[in-house]
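In the two complexes that follow, chain A is the common piece, with chain B as its partner first and chain C second.
After this line comes the complex of A and B, so read on.
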């Protein structure tokens, strides 16, 4: 294997050789589930607080707004993927931008992705620690969650896809069950005034589109999709649609149960709502049941993050075996997460910086690729006409 | 290589070790479940006296040869001049088990504390503890919470948590008390609106006027026997301080006019229109909530309410035949409408003049008229409520007479062939 040229095409073969399975591609169902877990779980953490900050009582409309802004970008990326059918994003960008610029882009993606992974994982571990495990040292909790996540990711992308598609109905079911549990504490009039903070909503949404950049990180794996770019388009649209509806429902629940502006005083909305859920007179205080599904969803969510990071590192370092890189990446995430962040900075300030930087770099990168593909495609067409 | 091959399979079993809760593992017998937390004014400023009523969980099981037979049902522990959070460790000086406040059934706050200190500070001091639940009911007691807890020994419920659980159902059934919990209070406080708390006491005083029925506040009912704790009426908290009380009947109508009344039917008695000493007992059903229309276009807000009533007349002591005689029935219907109208308008008057607070929570309906939050804040419904013009229409939709028709027990003479 050492004498093989290190291009992304052969790296795929190396990947498949070391991770043989009869079905190493993921299909539409797995993609829908993966997109749901990438975005839907974000409704259960502090992203909800950000939404309330941007839009006030209209925070439940923000997922809809984000979806509207995402639609053109999804169509553009799908168009790009369909022009180079069956190839992953890095291969396409090598063709369009050249190898060294692609290296730079992959490096930036890697660094930003690692920062986002560390921040998000650490904030979820802290959330679980604060709400449920008061006496457990945070390092330990973080380590256990990281270990589990790394294990799931170590099994490969198909394994993650299968876990996600198995877990999807249960996650959706638990959201619906939660709604029925808090039904009599909800007062739907809290969503008025309907447009919350007004026009500020739209500008803040555009600035903070980095919240949903995960689905475009998934374009890195576009070569592993059964059915190529069509699967990517359908999967992303349906997955993001379901996640959007789920998040809208969750934020609607938060606004109605806690009231606006009372909702700004609550930090972990989802956990508090599960503590309130009750069914009839005797079935109450069942937050541990919801914690179970939530932790499983979190593990799938971060398994994807870790897998993406290992994949990017594998591309950058050009190693032989991708799966050997899990240990350095996991260790890096663990040690970076040990830094004693203050809660306020961890949850809000650093997260917002990362989101801004992601919005400023990833979307222009994709748009640049699309633009270059149009130009080069035009040139190709031009050449065809003359010959 | 062998290690690597088996690593994939062995790692999950290693992770199983962490399923027992890590450092937070505790046995159920090692936990002291607090059922009630009572807060009183401490003798030092800024401190409270916290009373914990800890339930004996072992008595909850029915077993032969119960080892916990001689143990008391509950323990009351009072810690003076502390803060609510410190209590969890302080109480372990006299309690064997770990204090757990996630099963608290009620918070009791004394009226002296509510009138003196900002209630929001007290409740918010406790809310940061992750064990505390936001849907816990909060009750304001007339005397010290410590005394209330000591005297509150219900006759049928040996375990105190059952008392509060069943009482919660009764609160939902009768509507004589508002359903107050921490979540709704924090929500109303963030909105700047007044909030109604359940009012309770164990000290019974002589009633001021006789024959009021449930138009009384806790402690003044003409009742003898039953449980020591009397819970009726509401305490109004506005901007963190207690500003007044409502009687049981007033509470029910306040909740009705604010579309907060969740019960299906309730009993109301009216003085008989013609024969004054008698009282007609009726059951009023809440089939449709009142429709509230808020018009903010003029200088003063106009609030129009239409309250549909479905009345079931259940006792007619005067034996006047309201059943068959339609003219008399219409007269009764109009009379009932007028009486209800007067009661409601008196209540609105009191809210606007005496307490100057929107206890009906009509601001929720005003919010839907605005498009942005800043527009709503600029309008400031809270201040304009005092000048608002309230129009009430009481519509008696149906009048029914229960399961018996005629008030008399003799048949009327047969009309017709004779």
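After this line comes the complex of A and C, so read on.
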């Protein structure tokens, strides 16, 4: 496990270690921003269509519902991390499950993560292509977005965190701006009936908790957090909170602007809504400006995905230099993303499968770890025993 | 990729940095020749060393010292002849008070001069090159150098590149002693350290390090010293510009040191835990570590009152984005996102481009290239015909090109705004970086419109936040967040700037008595209520 420690070339240098610019740590601000970009961007892609499918006119309440379901899990994971303060998730898993089972878990996490990365990224490229660049080949768009993402990821996790923390205010600002842009077109009556499709909503939400599994993938980097599990808890709660409010606002806007049954006929809600946003007589059709902020958010989002994948692969193949694995991972994502395109429906089916599998594997895995930590005992219990 | 990344570093110096640490200091010492006792032999050796048969500058003046023969050697032009006559030769010709043999260092006739004994021929030749006359005495073990050089020099002048409307108007000169005096005048503390290193084999260049002991982090000084040691170990013939020898990433667009010609700016940075590096014969100081903010600020920001400084910084921030993005956004909007432009304006643009045969990208490259050409030419153009360039630029490139239907009038506006904005940036190096980066943005916009711009922006943002200057992040104290006085885009009132920039890890953390400052805020409700909290 020694090779997994994030060590720098001149770790001896005290200056380097104490220096916030060079100690490769993620602080609270960065974590909040990262969590926002992991989840908030999902309100702008096809996830919203799933929400409308589950909950009908109550789709805008789903982020709230998900947040409520996530709360106990976040607390449990934080508890797990606090028992092994300063250790990464895989280390904890090795302690509790043993090396071979952890290897298997990492493999499953890697494969599912790769599938999700490929599918989502391809869908983003498709969105860009269909909505803005009708004549540009999809492969080119996909490749360019992937390359930029890979570069951002290659600069390291702390660079992703810093970029995210710099962009967070602008992303939030663009949400607010969008709200004012469509303010006069909104019909609030569209959100009724308030609870949409009723009880079905809750069961579907639990089945599809895999949509927000990203924040638990981030527990892999718990050892890089500046304040340990405390930062993880606060950062995740605040970040997910902001993202949840943002997503709620977006879906609320979609419902009200397109009207309830009408919203089901719309594909790419966010891109459509930016088209009709206008400010006075003179400024209208500024979807290109929204495209800019959206692409920046997308790059941060997928950079984190890629970084996580590289990190997992690094664990799986036990390579010396983690950053060399960016080339195979990027290449794999690129070639896997060229899967034949038939219809958008196919994407929905694939996505739903992956979300189901993620829900069925990741959450039990975490719950198992929490349970084992409870039985075997972490740091605190160990201390009690010896005394 | 990692291999490429390491290749892009200043490899040789980085490598030797580790080597120099292990290197035996004694081994690196130059071979030394002890001074011969006989005067004629020493003079012969020195003459050989300086090729005196060919070299007209090498001067010897024979005289006596008491009963002994003596000789004064100097290089013509580097010394003041009249001073030598009056201060050295005339007193030596006076008879000694008694026949006791006297050491020139304590000789009453010469004791008012700054005299240094030299035991080796190498030391003598160094002093001669530095413009010190050297007195050789027959039978003595040591020669004596008088520090009284008279190299031609320039008077202290107004700064050329960093003008301010309100503030000191002094700039560095080529003479290091004068520059040191200037810095000391702004920072009168015994803790200001001036360390000298001599680098270069053929041309000896003295490189000075300035820092304030007790404020600067010692490991920061150590880092720079190690690099200087590495350069010394490599025995370069000459160190033309120290910046390029000690910076980490020579291929990067971003400068890792702040270049300034203002002593007040150097003093202000030294007091905040930075290090200044100066070089002989070079009227600029390099300040390390530099962040984006130090390059973005001007000294006037702190001399001007708060609202004026905010206004000026806001304009500069705006100018930064204008320089970087105006042409790119124009291309993206006209090529890919036509619906963004209001219909009337779109008609006007289309109308003005009706007769232009070229695509927008070619047009803009043509104009940008011409503008850069004017800028480059105007630096080198003789001052007598300087005004011509304005006529050429304005008339030919502006009006005539439009009338000849080579470019559209709106393009002139775009390029003019870009050009004007690029002059608003205070730092020369960073200005270059933006101007070069602009072309990448133009290319990205031409290929993919706003998508390209956003992607390039994301990539460059990732680069810039992970770029480090001497181990300090380029975007500190913003990303990563470090406690500071918030002197970034805007600044606080001067009395509220009580925290040092902690990204440099200075030993002294505050600029004022912080507990007392905080207690003041607690007591003073009026202040507390109305204080602006960033």
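Basically, the second predicted complex is superposed on the first by the 354 of 387 C-alpha atoms of A that agree within 3 Å, B and C clash if a C-alpha of one lies under 4 Å from a C-alpha of the other, contacts with A are read in each partner's own complex, and residues count from 1 in each chain.
Heads up, the rule we're going with is that a contact is a pair of C-beta atoms (placed from the backbone, for glycine too) under 8 Å apart; a residue touches a chain by one contact, two chains touch by 3 or more.
Since this is a predicted model, take the numbers as computed values, not measurements.
**Student:** Taking chain A as the common reference, can chain B and chain C both be placed on it without clashing, or not? Answer clash or fit.
**Tutor:** clash
**Student:** Just checking: does A:257 make contact with chain B only, chain C only, both, or neither of them? Give me first, second, both or neither.
**Tutor:** Once the two structures are laid over each other on A, A:257 reaches chain B alone.
**Student:** Report for A:100: first if it touches chain B alone, second if chain C alone, otherwise both or neither.
**Tutor:** neither
**Student:** With the two complexes superposed on chain A, say which partner A:285 touches: chain B (first), chain C (second), both, or neither.
**Tutor:** both
**Student:** Check whether A:154 is in contact with chain B, with chain C, with both or with neither, and answer first, second, both or neither.
**Tutor:** A:154 sits against chain B and chain C alike.
**Student:** After lining up the shared chain so the two structures overlap, which partner does A:134 touch, if you call chain B first and chain C second: first, second, both or neither?
**Tutor:** first
**Student:** When the two structures are overlaid on chain A, which partner does A:30 contact: first (chain B), second (chain C), both, or neither?
**Tutor:** second
**Student:** Looking at A:162, would you say it contacts chain B, chain C, both, or neither? Reply first, second, both or neither.
**Tutor:** Only chain C is touched by A:162; chain B is not.
**Student:** Identify the partner contact of A:196: answer first if only chain B is touched, second if only chain C is, both if each is, neither if none is.
**Tutor:** Touch partner of A:196: chain B, not chain C.
**Student:** Following superposition on the C-alpha atoms of chain A, which segment of chain C from the set 149-157, 347-355 or 401-409 overlaps chain B?
**Tutor:** 347-355
**Student:** Residues of chain A that sit at the chain B interface in one complex and at the chain C interface in the other, please.
**Tutor:** Dual-contact residues (chain A): 132-133, 136, 141, 144, 148, 151, 154-155, 285.
**Student:** Which bits of chain A are touching chain B when the two form their complex?
**Tutor:** Contacts found on chain A: 56-57, 130-137, 140-141, 144, 147-148, 151, 154-155, 184-185, 187, 189-190, 192-198, 257-262, 264-265, 272, 275-276, 278, 281, 285.
**Student:** Can you check the complex and tell me which residues of chain C touch chain A?
**Tutor:** Answer in residue numbers: 1-2, 217, 219-220, 223, 332-333, 336-337, 339-340, 342, 448-459, 461-463, 465-466, 468, 471-473, 475-476, 478-482, 503, 505.
**Student:** Mind pulling up the chain B residues that touch chain A in the complex?
**Tutor:** Residue positions touching the partner: 8, 11-12, 15, 18, 21-24, 102-103, 130-131, 133-135, 165, 169, 183-184, 186-191, 262, 364-365, 367-368, 370-376.
**Student:** Flag every residue of chain A that touches chain C in the complex, lowest number first.
**Tutor:** 13-16, 18-22, 25, 27, 29-30, 128, 132-133, 136, 141, 144-145, 148, 151-152, 154-156, 158-160, 162-163, 165-167, 282-283, 285-289, 291-293, 295-296, 299-300, 303, 321, 323-324, 326-327
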